[in-house]
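Pasting the structures here.
The two complexes that follow have chain A in common; it is paired with chain B in the first and with chain C in the second.
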Partner chain A sequence: MSKTFFTIFCLLIYAFLLAPIVVVVLASFNSGAFLTFPPQGLSLRWYVVFFHNEVFWRAIKTSLWIAAVTTVISSIIGTMAAIYHVQFAGKLKETVRVAMMAPLLLPEVLTAIALLFFVYTIGIGTQTVLPLIIGHVLITLPFVFINVSASLESYDVSWTMAARSLGAGPFTRFWRIMLPLIKPGVIGGALFAFIISFDVFTISFMLKSVGMSTLPIQLYDYLRTNFTPEAAAVSSLSVFLTLLVVVVTEKFLGLKIHRF
Partner chain B sequence: MNPLASKKRASLLLIAPAALLIFFFLVLPYLTIVVMSFRVPGDGTPYAPGFTTGNYLHFFSDSFFLQQTFNTLMIGAICTLVCLVLGFPVAWQLARGNSRLRGIAYGIVLSPLLVGIVIRSYGWTIILGNNGMINRTLISMGLVDRPVGLMYNTLGIVIALSHVFLPFMILPVMAAIQGIDPSLESAARSLGASRATIFRRIILPLSMPGIQAGCILTFVLSLSAYVTPALIGGSKVKTMAVTVVDTLVDTFQWPFGSALALMLAVTGAVIVVIFARMTRMKWKAA
Partner chain C sequence: MTEVSIERLTMDYGVHRAVDGISLRIRNGEFISLLGPSGCGKTTTLKVIAGFEHASSGAIRFDGNDVMQVPAEKRDIGMVFQNYALFPHMTVAGNLAFGLEMRKLPKAEMQSRIAKVLEMVQLSSHADRYPNQLSGGQQQRVALARALVIEPKILLLDEPLANLDAKLREEMRVFIREIQRRVGITTVYVTHDQAEAMTMSDRVVVMFGGKIAQMGTPAEIYDQPASVEVAKFVGQVNLLRMKVEAITGDGGMDVSGPFGVIKVKSIEGAAPGRAVTVAVRPEAIDLVSPSEGQAATIASSYYSGSLMDYRARLADGTLIDVQTFPRQRFADGEAVGLSIPADRWWPLEVTA
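On to the complex of A and B.
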């Protein structure tokens, strides 16, 4: 009896976790002019409206290229830091870990404000996209770091030694031995970096240059004044894109995610 | 130079980019907020030359901001409690369950993290709004004749924030429960302990590090959440984080906004430290 109750309780919580996402996707197929429940009928009307909306497409493009640049920088810096952390840090290991995790542990809104003041204080301001990229790299770095570190913990240093005794130089050792073996961690970290960068709001909101808009910012602006299901269509597309990226990565590259 | 020292020096190049990034774009900026909070408010500019403690005096002398800080801390505490109550059973099921469905369940727990916070909050406005799913259902069933206030109030903020941060409670608690040897439970059972006793005397104390981590994460995240309270609370109910951003972005009062942000951060940190101390002591004594 109590076991059934427990299972039902858990199922309700899973439903709670999925509810807002499912609702957004359902709402996007609503044929009515406003968001109503139950939907007034099925239609792709709002997708058509959205496909003709220049503003959202520009925001999606901006978000995609920022996420791509962020992922590349963050993956390289984060992987290097993880290698240092696992293989060379020695007594500093814990310090390095705390420092690298700091952007995740500190409140995002405070980090965003801090960066905003800082870029103005040193005079670069938010005229360019640079502050935004810096903010995104900072916030995604912990995800790369933790995933790659986890992969490296099971990497045996004697493999590097063996390669060296056979005459491989440092770059060959990295490309041919270490990287293929820690690949799942690097890919998992890069995937998280991409998704986080694509979705992050507060950092982008504070650091964006004038007239620039990422998808979350555009959506947020839209939602403050509009209630049509167009926003639901945009959101659903974003959810599908994320899902696609995760599934494709998992299928073709193999994936192992360590979030904590 | 001996080869060991040169290897050590070369390895520093690995950490250099990350270390420089963290130092220049995290450590220095945080120092900038502290300095900014002592700046003189500007007239037409974000701040004026000179330093003052006036921004903090302003905070302490205005009951509006004190009240709002208190409300924000309460919202954070309630969300943490809700997440713990809802999250623990799921964490337990994920850690101990061995069915094929475990992978799917784990995916569901992770799924909110892969969807942007704006979209998740938007989903809640569809569910909770006056014209939303719940109110529509209640009205069509004839249970109420006017919409129940679920949005633009503290209740809505708590519901949505609890959803947003639930995974941050479940994951660390799950990790802690996975670390408990199941044979401890069997041993206790064979010695005649009831299910409640096993939970209270074995599971709870041993999963405490995970509970602690989950509570601290959830609490800190809900204090500093911006998007969810801004969208769900609207202009009627504001949390401190929303006021801080408004002060900075809309009215350009950088020094006062910094003081507000730091006061929230400091009170939050004090509560976290007290919580960490209390939970540790209590469970050592037990």
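On to the complex of A and C.
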């Protein structure tokens, strides 16, 4: 009885969370000229329009490579920070955690403005893509950090000691023992970093160089003057891309390993 | 084959002194146990020998060579951890191969060594299993195999049997000891279980509060404990207060107490009139008829299958623990005699 109730409750929450996405995806198949729901007839018309829209493609490409670079940098720094946090910080453990989580706790717009001041103060300005990457790394770092930290909490330091007594130096210990055993956390964190970087708006909007557009910025620009289902088609594609990233990672890198 | 010598080793964690100036010489192929209560510094000592911790002062030598500056990965030590620390993402064979890969051994030799060691620990058919597919006892044997396959100079074991159930633990004692003898490797074994230390070791090192309280063969530790603390830690003991009557010329002394005047070895500080604590183990006492021994009555008894534990009350009210084989049983309240061979009395300390 209570189990049924719980199931229904969960389904309702999922419905509530997923409904907007479903609406957007359905709206993207609209055959009418305006972004409405329910769609007036089904067609791939707006996908065709979108596939011929150079501007959106450029934005998608920009977003993809920025997300890729961000993911790599953020995964490396975040993993190192997590290792320090869990195994070496000692009394500083809590301080390190709060510092690493700060970008998540502060409003994004505040972080963006602070960064903007920062890059102009130190003189790198926003002529290059560098500030934007810094911003993306900063806000994706907490996600890598918490995921890797969680994995590390169940990492037994005696594995490292065992490897050491068997003759493994620091690099071997990391590559052959620690990294494989915290892989789920690192991959999970990297996934978050990629998806969030792909999706983030405020930071990108403030820190982008002139003439550069990521997908969210391009969509925003577009929606200010147009209201066609093409926007829904673009959004849907980004939903599909995200799903694809998750599925491919799960399939080829594997989030599960032999443990216990 | 390696001789280990430890000299005045001290290890401080901040202001806390975990190991306090211990000196110890371990012979080639010897099996040494560090025995002591939890927190007495056994693991720390082992970690310093292995190179996981840097000693605050003192020296460690393997075959005369100072190894204090040698990092753990270069010390050539086989270590077995309490929780086994098997790599969960590698098979049994993978775990064993790891140390050999670090030594860049040719593949063929690697495989023959792994096969040999797996046979020794009776796990040849489990080479392709993952650790989570093995029982606790099997994991324990893999851990031992992984430490031995690299043919290290020294084998270190930190409470390796603590996570096993009682029956398996006793089997593993014999198993580990036999393998150690066969390989002939110098071994340091850490445990808080006195029976384990007694049955397995050539020599036992008893530690309290970071210091060595006594070291010697299991029999020496048990029969001739250096202090009340040691006597209590390595087994049950009756402690009796007696008075020194006379110091005899032959290195002995006469003491008087509930058992009349007896002769024991003389100890430091003993002089006529001083009070001393004298120990006697419960199983050193025989129960005989009241006329043949010190008269007593049975106060209570506990039956444990192979042994019988009695508590006997002397005329002056002193309670004495006695352990016998339950061949002859005595009822509570029954009058008995306590017979103690003269050489089973052991004086411990002068108290007043």
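Note that in this section the second predicted complex is superposed on the first by the 236 of 260 C-alpha atoms of A that agree within 3 Å, B and C clash if a C-alpha of one lies under 4 Å from a C-alpha of the other, contacts with A are read in each partner's own complex, and residues count from 1 in each chain.
Please note the rule applied: a contact is a pair of C-beta atoms (placed from the backbone, for glycine too) under 8 Å apart; a residue touches a chain by one contact, two chains touch by 3 or more.
Because the structure is a prediction, the values reported are computed rather than measured.
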item: Superposed partners chain B and chain C on chain A - clash or fit; value: fit
item: First, second, both or neither for A:S165, with chain B first and chain C second; value: second
item: Which superposed partner A:L179 touches (first chain B, second chain C, both, neither); value: neither
item: Partner chain(s) touched by A:F118 [first = chain B, second = chain C, both, neither]; value: first
item: Chain B versus chain C as contact partner of A:I8, first or second or both or neither; value: neither
item: More chain A residues in contact - chain B or chain C; value: B
item: First, second, both or neither for A:L141, with chain B first and chain C second; value: first
item: Chain B versus chain C as contact partner of A:A68, first or second or both or neither; value: neither
item: Touched partner set for A:L44, first chain B, second chain C, both or neither; value: neither
item: Touching partner for A:V23 - first (chain B), second (chain C), both, neither; value: first
item: First (chain B), second (chain C), both or neither touched by A:T242; value: first
item: Superposition-derived minimum Cα distance between chain C and chain B (Å); value: 6
item: Footprint overlap on chain A, comparing chain B with chain C; value: 257, 259-260
item: Partner chain A, residues of chain C touching it in the complex; value: 50-52, 72-79, 81, 83, 85-89, 98-99, 102-103, 130, 132, 146-147, 150
item: Footprint of chain B on chain A - complex, ascending; value: 2, 6, 9-10, 13-14, 16-24, 27, 34-38, 76-78, 80-81, 83-85, 87-89, 96, 99-100, 102-103, 105-111, 113-118, 120-121, 134-135, 137-138, 141, 145, 195, 198-202, 205-206, 215-216, 219-220, 223-224, 231-232, 235, 238-239, 242-243, 246, 257, 259-260
item: Chain B residues within the chain A interface of the complex; value: 8, 11-12, 14-15, 17-19, 21-22, 25-26, 28-30, 32-33, 36, 46, 86-87, 89-90, 93, 105, 108-127, 129, 131-133, 136-137, 160, 163, 166-167, 171-172, 175, 195, 220-221, 223-227, 231, 241, 244-245, 248-249, 254, 257-258, 261, 265
item: Residue ranges of chain A in contact with chain C within the complex; value: 156, 158-159, 161-169, 172, 176-177, 180-181, 257-260
